[in-house]
Structure formats: structure tokens, C-alpha cells
Amino acid sequence: MQDTQVTGADAPAATPLGVGMVGYAFMGAAHSQGWRTVGRVFDLPLRPAMAAVCGRDPAAVREAADRLGWAATETDWRDLVVRDDVQLVDICSPGDSHAEIAIAALEAGKHVLCEKPLANTVAEAEAMADAARRARARGQIAMVGFNYRRVPAMTLARKLVADGRIGAVRHVRVTYLQDWLVDPEAPLTWRLDRERAGSGALGDLGAHIVDLAQFVVGDAIVGVSAMTETFVPERPALAGAVGGLGGAAGQERGPVTVDDAAVFTARLGSGALASFEATRMAAGRKNALRLEINGERGSLSFDLERLNELYFHDESVHGEEAGFRRILVTEPGHPYLEAWWPPGHALGYEHTFAHQARDLVQAIAAGSDPAPSFDDGLQVQRVLAAVEESAEKNSAYTPVQGVQ
Amino acid sequence: MQDTQVTGADAPAATPLGVGMVGYAFMGAAHSQGWRTVGRVFDLPLRPAMAAVCGRDPAAVREAADRLGWAATETDWRDLVVRDDVQLVDICSPGDSHAEIAIAALEAGKHVLCEKPLANTVAEAEAMADAARRARARGQIAMVGFNYRRVPAMTLARKLVADGRIGAVRHVRVTYLQDWLVDPEAPLTWRLDRERAGSGALGDLGAHIVDLAQFVVGDAIVGVSAMTETFVPERPALAGAVGGLGGAAGQERGPVTVDDAAVFTARLGSGALASFEATRMAAGRKNALRLEINGERGSLSFDLERLNELYFHDESVHGEEAGFRRILVTEPGHPYLEAWWPPGHALGYEHTFAHQARDLVQAIAAGSDPAPSFDDGLQVQRVLAAVEESAEKNSAYTPVQGVQ
Amino acid sequence: MQDTQVTGADAPAATPLGVGMVGYAFMGAAHSQGWRTVGRVFDLPLRPAMAAVCGRDPAAVREAADRLGWAATETDWRDLVVRDDVQLVDICSPGDSHAEIAIAALEAGKHVLCEKPLANTVAEAEAMADAARRARARGQIAMVGFNYRRVPAMTLARKLVADGRIGAVRHVRVTYLQDWLVDPEAPLTWRLDRERAGSGALGDLGAHIVDLAQFVVGDAIVGVSAMTETFVPERPALAGAVGGLGGAAGQERGPVTVDDAAVFTARLGSGALASFEATRMAAGRKNALRLEINGERGSLSFDLERLNELYFHDESVHGEEAGFRRILVTEPGHPYLEAWWPPGHALGYEHTFAHQARDLVQAIAAGSDPAPSFDDGLQVQRVLAAVEESAEKNSAYTPVQGVQ
Amino acid sequence: MQDTQVTGADAPAATPLGVGMVGYAFMGAAHSQGWRTVGRVFDLPLRPAMAAVCGRDPAAVREAADRLGWAATETDWRDLVVRDDVQLVDICSPGDSHAEIAIAALEAGKHVLCEKPLANTVAEAEAMADAARRARARGQIAMVGFNYRRVPAMTLARKLVADGRIGAVRHVRVTYLQDWLVDPEAPLTWRLDRERAGSGALGDLGAHIVDLAQFVVGDAIVGVSAMTETFVPERPALAGAVGGLGGAAGQERGPVTVDDAAVFTARLGSGALASFEATRMAAGRKNALRLEINGERGSLSFDLERLNELYFHDESVHGEEAGFRRILVTEPGHPYLEAWWPPGHALGYEHTFAHQARDLVQAIAAGSDPAPSFDDGLQVQRVLAAVEESAEKNSAYTPVQGVQ
């Protein structure tokens, strides 16, 4: 006997939550994988439905929708944010578009997930945070996409710090090292254009590590001293490229208007000392987001290139047996891991987007405050602004503007 | 203007390939994730459609279908294998069921993907390989699910060996260490019952490393000398469990009828020496499939707990600069990586199932020989049988029966 | 005011212990460094005095004495072992000379330190152990130079096992991988000649790991199953070399009469399973003596290429915080470390010889039983003999002859 | 026949070089090991003779001389520096004594080796560098003891940079992390007293990493931006201690007048960005001097806790095979290694002192310029002064005073 009952192709949870996504490049693909997967793995209070994706080129967005699994397409985000089948707008477009789209979506009564950095300027971020606070009063959720908080090892690290397992924090050191600009002949892209990208390694990589450090430590940066550098000030322009996207490198050269690298020291509210480095010029380092925190009772260490591992030194262990232990963060008791595979079966980069989706859906269903909120995103933006200000002022210590 | 064209929720490729899966526990969930993802990431010649899933408990299988994304359910695999909308049968049930299901599916004209180990006995595996050979003549594909071949680092390792980058192979050493039986009070499950599981660590973990070593080296094991051990011969029986699944440990104890661990040495066709160890008793080792190969011109080293990394020593590098280099296997030129994320963005365990699905779909579309074939699975089974025979014969060197 | 009191150039302890060393190549140089250093670092009950060194070539041995710090020279070991200023004979010559020298030294009333392996044959080792037992009754000490027991991490490992920190041992896996014979054109040396060296990788590297594994675990190997291999059966003969030493590779080729590699599995008295591999053919591995022990309550792991580190997994640690911890074995509470540098300041290979010298001098002063004794060395020899016997008998499990 | 020719207990080279050492604590013991060993391992043009050691307490210095192997003792350094049998004065006393002793020794016509940091103030360092320059004209050598330059991996790193193997340097990041002040109840020692020690982590650890980074890169720091911190401003005073040395912690507390930690960013002459961190507050880090350099053609990475290893990424390697390779710096072709053990046999911390002694003896014999010279030491002092000045000036970028 054949049981021919056809069940829904989508996830089983009762009430749907329609998602509309803007942008479908790298981040859009990663978010799509998160949305496709989250309801298959986690028990969710709402059922995410991939309602529509938006892009300017009709043919391209249709192809992307088919490939990534979105039910419909839009070519103007203004149409997307007012669709009836969209309750959540997921913004994966470049930073210069974030403010306008997010504010419109919030004003249209939608929940919003906005990729990091929240905006290209503090002013934009402030407007977004204002809109989010007003929307919050109406029950809407606005979250910023600092997905590395959702690496299980990082969530565990935050828990260990919060539980006092390393005591009062003394030192934080974080780097985010990539190498895709090492070659001086690598072409200009929109990411090297201040108008589009806001800043360079600072906004792209620095935003991640500022948020992540503050998240894990549970404390805020209060001031910074910074140096930034553009090692290669001119690069081959992309011939025939529209908006700096695609195309091959041509004969002409154009100016790089963002930083290649930023190094800065910082103080946290507790008085802890921190150092940060973000660069696209570290030959051989592909995704080396490394974080180490030293406290009065212990230390933690992490490298995103080995994202299933957290290193923990517990000062209370007898000296002859003490040492950094490598925690393979794949146990059922670890954050997010109850839903995945048996111990020792590694997760990857993209799982952070499923985790982010889970947390967001839960916050929407519960009406609870999102984390990271747009206020959190604004605070990161203010840290980045202080970094740029300090770099311009001869590295002078520059307080971060208060968000409260 | 709203573009309301609704595209299919499934992948875009033209001709569908209906998949019917038997079993929906750990392996079924992993395969489902592979089927859901493969068409979203890779360009495929056929469009996999998750047609139906089969399990004995009607309510449970329906719940699983909803959760995992299967369109329909069956409660008898005999019904599944004859469904018109199923062209490929994916067998994820325990080893004692493989032969009957696979042969029936092949005789029903279906392609087959069968989880490892191919069977619990050589006799069953021979029957399956016979059926597969007959079906192959009719244009059907039968593949065995040695998914670790699809870890990009392992595919790259095979390529390096095949390209002569390490020269003639001298040594192979492989371990697969887990620790879920370290506690002597861990209860009896079906995996500790010879009737259900065939063998213990040997069939579960040993099958993986035998296949993987042969795959990477491109050579076959011709004889073995082995020791096996059951360190904890009795364990608490699962009270009230049906078929040994679920239930809490009770007062009664029952016998463990499979091995906890197997260690064996081997010779490959080329004369290389190999050593293998499979155990569930290695405290602290969660998924430590480690492989090292030493050749006349170089060496390779790998650990599944860090599955994005392959270590390669190139003997031709000048001595003062020589050393094992850590290749982060996340570059676009690495196997399978063209479809995923930028360099340095880690993949996880489950990606192997999407890769396996890709390779299988491509083989079906092209009508090309599958790898690993049922003959390959049979050969692994014969190696495992030789291991058991050697262990019974005082570790005497025992040739592996020829598959040709 | 000038304090011109000239103190002894040698160490300060009261009673001298005259040392006479046979051989001054690699091992002789290493032992000399141990003897020169031990009294400068450790508080010793006797003052080692480097009385005389012995070698056949008068000019060469005189040069060596000057360079290494020996007060006098001998060209016949028979003269050395009867010198009045020698109380301890330190044998660093090739294995085929050990038995004759050691027995003569013991019969001359001297203490003896003999490099490993104790002898080239079990018969020689038995004669040596007999002589040592007789001498022990006269108050003499005979120790065999398994110096890796004196790597602080290994001494700590033994202590952790003995203290029950990893519980009952289930698995032992040890490799000793080197690569100096990878090149098939590497010339014949005395180490490749069975007459001189006894065996190849087995006696040279295998002896170390057999002793070390038994030492750390505190248990004896009771039987083995083995394969050995000579991958390159002929190599260029050394033109003009006397006794296979020195000289450049010539046109002629000669046979390699020892093993290039040996792999074997073993059972310990407790029932634990062990695997061993010794090879000179592992490209890129320079001194990879790796040891891992899995017990019911924890695990230990070590690599001689990182000899200041011991990895320890403690099964009693809460699962979410568990993991192998890297103990940097440089704390003052660690074995031998009280005499050296502050924490984190690494020791090297040669320190094992100073530690060995310390333990030997203390045993001589206290009249306590030496460890490892010649009986221990004999037992290792019997394990190696069982390995060769098993390899000849088709890998059949071969019990180790009892030493008691 | 007995060859009773008694050779010298000291090294064999013809012309002796009498060494007189001031201080015999940690550094004195380490230098002594270097002097005892250097002539036994390396072929030297002069024969170092350990003529005399100097300390204030007559009994203690005599005990130290006996233990460490010095022929005579002095209780006043003024007597030591004029001894006829002393040609080289080796200064291992605290930093506040360096200037006076070094200048007197130079004026007495002696060669000088002075421990780092060269002095406690820039003014002292300038006077010392002046004296050294004058003495240089008379043929004398003055070297400062930045021993980490003599870690073979660091010498190799400098060579690789100098040979252009990593191209133009973009980034330098260096930390020196220790943890001996993590406990707030750790007592006051002279190292926490500005009068004696000059500064805290900055002068002790920061001096090392400033010199090492400049040495490896072959470039000078031209400006810095800094933060320093004393996390624990009061600690238990040592009851009954004379001069802050020894004694147990008492009831009273005293102020810590030096930094616990210093973090600073820097620019090198080439425009490269650098970051530095020196701390005694990094729980679990014992001697974590870590250095990474990213250049246009490659990168280097090092950790003093694994001092036999250098990691090298070569950008010119084909992308699919690229990766940081772990060079085990124990090959005969590596710096200093020709004199030591076979490949893979690790060196330790103390070997740096033998290497330093070798280089110094060779410079003295050849009359060649020493490296690092007192000018080099002065320049490091100026960097440290700029760090302190920047920390006082709100982290403002502070140029390093020119040494030329």
C-alpha cells in the first residue's frame, strides 16, 4: 500500500513567516541557505517561507530565485517591502542601500534583518536605529546580521565569560586577516570605492571583530587609538563594468578610496585593554578571525579558520595539569548543536546563517528584544567612526560616542 | 510593479530525478540535507526531487517527511521501490536490510545509493554487486555511500597522489577514533548487536577508513593481520526498547556481540605497508579519522576533526624551506569548492552528502560508471571479512579474496 | 679587593664519580653534553668527573676528548674499563660491541650505562642481564640508556597514568617516523648492515617506542603480530669506507640487510591493544615519535617534535568544557623542571641526557635499583625478537618470552 | 696501554678569551650554560675561559661560581672589570646597574656583553652607546644580549625576509604574553619597582619584541601610538626582603610603579604597519612571544613556545597547493644547526646563549662590528621611551628619536 499523502514541500510549523530578501550575491546566497535549512533542522515557532527575492536585473533575479529557492521575484525593493506575503525583509545589498531600505521596511510594518555593517555612516545608522526603536514599540523586530555571534564556539565563549569562568577580563586581542588584495594588480571593485562601501577592511572586517569582541566579553569599547593604511593607492579599473561589478581589469587605473588595513588599540568599559587588526593584505591568511581574551581566572582563544574549536585555559586547574584545552564545540550541550550531527561532526561557515535565522524567528515569535539590535549595530558604527577619526588625528585616543 | 511569477520551490534544472529514501534517522537526515542543498548550489544535469521517504511507523515517518522535506511517505520499502515518481532509491536503513532493498530496487529498474557498509556479510555484498552489474548493463547506476571520499581535502589528496606529487607510496596509517563507548555503563543499542550491525567499530568505522585509504592511494589492500577486542562484554540492556532503539538503560545487562575496537596491519598491491585502527573507546576523540600517507616524493596528512585542512610535504622543496604545509582546502580551484563560499569559509560534515549527491546525479545523467560502485563496496566488505578471519586465526596474515 | 680563590672547574659536590665513555659519535656527543651539564644544574650526591673517553683512532679520540671535555683518552676499551679513575662506564659504541664491553666493565666492578638497544641479539642481552644481576648483588648499578623516558612530558605522562588519571588503559598507539632513507640513492652505512646494527628501524627506533610505551603505561607487551619491509633492497656502497663509516657513495651497490620499516600490533598484560610503527621512510617526518594512550578515564598524547608539550584529556571534566589540554611541561612542579628555566622556556633533546645522568648518579649514590635496568633492556630485546619472529611467521601472533 | 695524556678541562682552541660575569641569577645561569657549552659544540677562533663571576654576597657568589663553573669570584664589579684574566665583561645584573658597569668595562679596555634592556633610561643608553663607539675605535666589541635573535627560526626568518622571499613587508604583529602577575596576590619584586626595573612588561618583554621585529624585518620603527596599564596597582610587600628580592609576602601592601601591560601600534620606515603587545597578565600564556609578518610575496609566523618551528607561506606556490608550511628548524643547513643534533632533535631556550656566545667570540676574533650593537640597544630604548611618551600623551602618535 502506497501512502500518497503529499506533504508541503516547505517546513511543517504552523504559522508562516514570509521572508523577502534584497540582493542575491554572496550574502544573499548564504542567507538563502540559512532560510532553506533552518526549519528542517530546528523546531521553530513560525514557518519561514521564502516569499520573494529582489534585484534590479529581471532576468538575473529570476535565475537567482530559481537557483536559491525563492518563490517570486521583484526588481524594485519598494515593491518587495510592501508585499503582503512578506513579514520579514532581509537586506543583503551593499551598505549604501541599507538605511533607505531598512527604514522603509520598518515603516511598512515589516521585521528587518540587515546585513552588517548596519550603514556606511553614523548618521544613517542613527536614523535606522531610531526607526527600529519606533518599530519596536509597534512589536516589530530589527536585527543586524553579525553572524559570527552564531558560531557555536563564540556563543559558548560568551557564555563562559558571562558565567565568570575567566573572571575579570584584562586583555582582548582580535585580528581579522584576509589576503585577497595582496596582489597590487587585483582590480578595483565596489568594495574599494568609499561611496559604495563606506570604508575598506575597517567596515568589512573591522565591523565583525568589533561586534564579536564586545559580544563575547559583554562589554563596550569606550575609546580607540588607530592607524589605517592604503598600501596600494591605485589599481586597474574594471573595463566595461557597471557600478564596479564584474568585468576584467583594463589598462586604466583608478584610485582606491578606502583603507586596505586598520590597526587600533582600545579600552573597554571595564578598563580592559584591547587590540584590533583588520586587513586584506595578509598573504596566506584566508579568513583568520582570531580572538583571544585573557581574564583574571582564565583565557579563551579562537580562530575562524578552525571554527569548531574553542581553546580554554582554566586558571583554577592545578598547575602541573593546566593548559589550554581544545574544546571541540560539537557536543549536544553546546549552543545550537542539539539540532545537528553527533559529536565531532564539524559545522561550517554557512551554519551561522541558519542559527541567525533561528534566533530571529524565535525573537519574532516571542516578541522579545533582538540581539544584535540596530542600536548594537549603531554602536559598532560609532566605534568604526572613532577609529577613522583617531587615524585622522594622529592616532590620538578618541572616545566612542555614547549610544544611550 | 510586482513580479508575481511564482517559480518552482524545487531546483530549476529541466528533467527531474525522483528520489525515494529508506530510513530517516541520522543518515537519513544527513542525506536529506544533501538532497535539499545540492541543486541550490551546483549546476546539475537533472533536478533531484525528494519524492518519498519510507519508515515502518506511519506517524513517525510522516513527521520526518514534513521536517526533512520529502513530498510523500511510505511504510513498506517494497512500495517505495516501485513508485513511478522514484528513479533513485537512497538506502539509509541499518546494514542488515541493505541487500534485500538494494536488489529489489535494482530489479525494479531504479538507480540505487546505498549507505556503507554495503552489507553485513560478504555473501550479501556479492549478491548486491551481482545485481548491480546486471543493472549496470541496463543503464542503471548503483553507488555506495562512502561520503568521506567527498571531503574536498580527501578528493584533493587523491588527486595529488594520482598526479605523482608524493611518488610511490610507502606507508599508509589511518585511525578512526571515537569515544562513545568509553563509559562501561553506556547502554546496549542495535549497533552492539551482531545480528543487526554485522560488526562493531570494524564495520562502522573500519569500513570508512578502508575505503578512504584505498581511494586516496588508488590501490587495494591485498592482505591483513588483525586483532579485535570487546573491552566491555556486557552492558545495561535498554528497558522496554523495541528493536534495541531508544529507551533508557535498565537493570538487566546483555552481551555485546560486536567488537569495540579493531587494529590491523595490511599490505597494498604496490607493497606499501599500512596500519589501521578503528575504535569507539578513545576517550576524548570524537571523530578522529586521521590519515597519513608517506611516499617517495612527499607525504600527506589529514584529520577529519579539521576537515578543511590537508597537510602536504613536498620532498622536492629545498631542505631549508621544506615542511608540511597546511592547505586550507577552501579555494575555488579545490574539488567541489567552485560552488561554495569565498576562500577560508569552512565547509562542514554535511557538505559531503551534497557532494555525493552531485557526483551521483552527474553519473546518472552521463550514464557513466559510479564510484564507489557496489564492486568497490564488496571489496571493502572482503577486507573486513579478512580482518575478522585474521583476528580469529591468531592474527595470521590473511589475503583478501579477489573481487575480479 | 680581589677574590682570587680558584674553585674547581668541575662541579662542587664532594665525592667524585669518574666516568669513562666508549664511543664519541652522535651518542657520545650527546652523553658528553649531559655529563658536562648535569652537575651545573642539579644538586647531586656525587660529582661526575669526565675521566676518559675511548676510541680506536688515537688522533681522533684525542680531538674528541678536547672538544667534548674528557680529561684523558684510551684506544682500547679493555684499558678504559679498568682505569682507577673510572667508576662508571658509559657505552656509546654500536650495538654489536655492547655485550662484551658491558660485561667486562661489570666484572671489573664498574657501574655501567649502556646505550639502547641493549644488544643486537637476545642471547647477548641475556648474558648482559645476568652479569648485571650478579653485579647488582655486589652493589653495582647497570642502566640502559632509554633517554626518552627522561623527556619531562613522558615522565609526567607516566605519573598521570600511575596516579590513575586516565584509568584502565585501553589503547596505545606509537609511531617513530624518520625520513633519512626516503631517497633510494642514500648510501649504505653500518646502520643498514645486520652484522653491525642487528636490525634497522626496528632496533633503532622500535626499541625506543617499545620501551617508552611500556614505561608510560606501566605494563608489558605480552605478544605481537608484525610486518617488516625493506623497500630499497640495494643502495650505493660507500667507496673506500672502512667498516661502512664515512666515504662518498660510489658506483657499486650493496644489499641492505636490515628492515627499513616495521609495523606491529601488540597486546599488553592488561589486555590493552597497542600498535607500533617504526620507519625511516616517512618523507617530511624528522623525529616523529608520537604516542597516544586512551584509558577509561582519559587520554594522553605526545609528539617528540614538540617535546615540551603533553596533551591530556580528562574524562571527568564536564562535557561542554572537555577537551585535550596542552600542558606546557615547563612548570617548576614538573619532572626535572625544578632545576631549569622559568615556565615556558623550552628544553631540548639533549636535556634528556642530563636527566638520565642525574637519575643514574642518584641511583649509584643511593644504591637503589636502576630504571631502566638491563632486565628492562632485555625485555625490550625480547619484544623486538618476537616482532622479527612474527614477521617471519606470516604475522602470526607471537608471545614475548618471559623475562622472569 | 693506557693513554694518560691529560687534556685541558676547558675548550681546545688556542688563544683564550677570559670572561668575567656580573650577576648569577636567572640570566647569569643562562649565560653560564652558554659559555660552558659554546666551545664544546662550535669551532671557535678563541677559547672562552670562565675566569670570574661577581656578586655582592661573598658566600653566595662562591657557591654560584662552584655550581656554574667559574674559576674565581669577585664581590665588587669594579675589581672584576680590571682583572687581567678578563677580556670580556658579561653583564647580567639588573638594568639600573648596566650603564655604570658597561662604561667602566669599556674604559678598562674590555669587550662587553650587556643583557637587555640596555639601560633603564635613554640618557643612560646614550652614554653607553657613546662609550661603545669610542671603544669600537680602539678595537673593542660591545654587544647587547637580545638572545632571541639567536633562536635559529628567527635567524632563518631574517634571512628569508632579507632574501626577498616574502617581498615588501606590509604587516608586523608581535605579542609577548606571560602570566606570572595574573594573581593579584603575587608579591612585589624588584621587577615591579620603577627605580630598579625602569619599566614593567614594556622593558622586560617589550624590549625583546621591538628588537626582534626590527631584526627580522630589517627595518626600524619610526613612530608609535601606545596604551599602558597597571591592572593591579598594589601588591603584598615582601616581608624582610632586602632590595625587594626573596622573602615571603607579608601583611603590608606596596605600590606597583611599573606597567603590567603595554599595547602599541607602530609604523616602520618602509610604511609597514605593526602592532605590539607585552603583558604579564595573560592567563595560561607562559612565554608566548608570537610574531607574524605579512609581505607582498609571503608571510612568516612564529611562537616562542614552539621555538623549533617557523611557519612560512610562499605566495608564489600554486593556489591549490599553497599553505603555511611548518619548517622544523633543525636541518643542518639552518642557522647554528650545523653544530647540533640530527634533524628533528629539538633545541631549547638556553641554546640561544651558546649561539650568542659564538657570534660574539667570532666578532671579537674578527674585529667585526657586533650585532646587536649598543647603538641597536639605544634605538630599542628610544622606541620604548616613545611608547611611554605616547601613553602619557593620550596615545598620540610619537616619533622615535633618531639614533643617527
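A few comments on the model shown:
When the chains are written out, they are named A, B, C and D in that same order, and each has its own residue count from 1.
Operating definition for what follows: a contact is a pair of C-beta atoms (placed from the backbone, for glycine too) under 8 Å apart; a residue touches a chain by one contact, two chains touch by 3 or more.
Model, not experiment: these values are computed from the prediction.
More inter-chain C-beta contacts link the pair A-D than the other of A-D and B-D.
When every chain is reduced to the mean of its CA atoms, the largest separation from subunit C belongs to A.
For the pair subunit C and subunit D, the distance between C-alpha centroids works out to 34 Å. Taking each chain's centre as the mean of its C-alpha atoms, subunit A lies 43 Å from subunit D.
Here the CA centre of subunit B is 55 Å from the CA centre of subunit D. In subunit B, the residues that touch at least two other chains are 285, 322-324, 328. In the complex of the two chains, the subunit C residues touching subunit D come out as 1-12, 26, 30, 32-33, 36-37, 40-41, 58, 62-63, 65-76, 79, 83, 178, 180, 285-288, 304-308, 328, 330, 341-351. Residue ranges on subunit C touching subunit A, taken from their complex, read 156, 160, 165, 312, 314, 317, 319-328, 331, 333-334. Those residues of subunit B whose C-beta lies close enough to touch subunit C in the complex are 166, 170-171, 173, 175, 177, 179, 182, 184, 225-227, 229, 231, 261, 263-265, 267, 271, 273-275, 277, 279, 281-285, 292, 294-299, 313, 315, 322-324, 390, 394-397.
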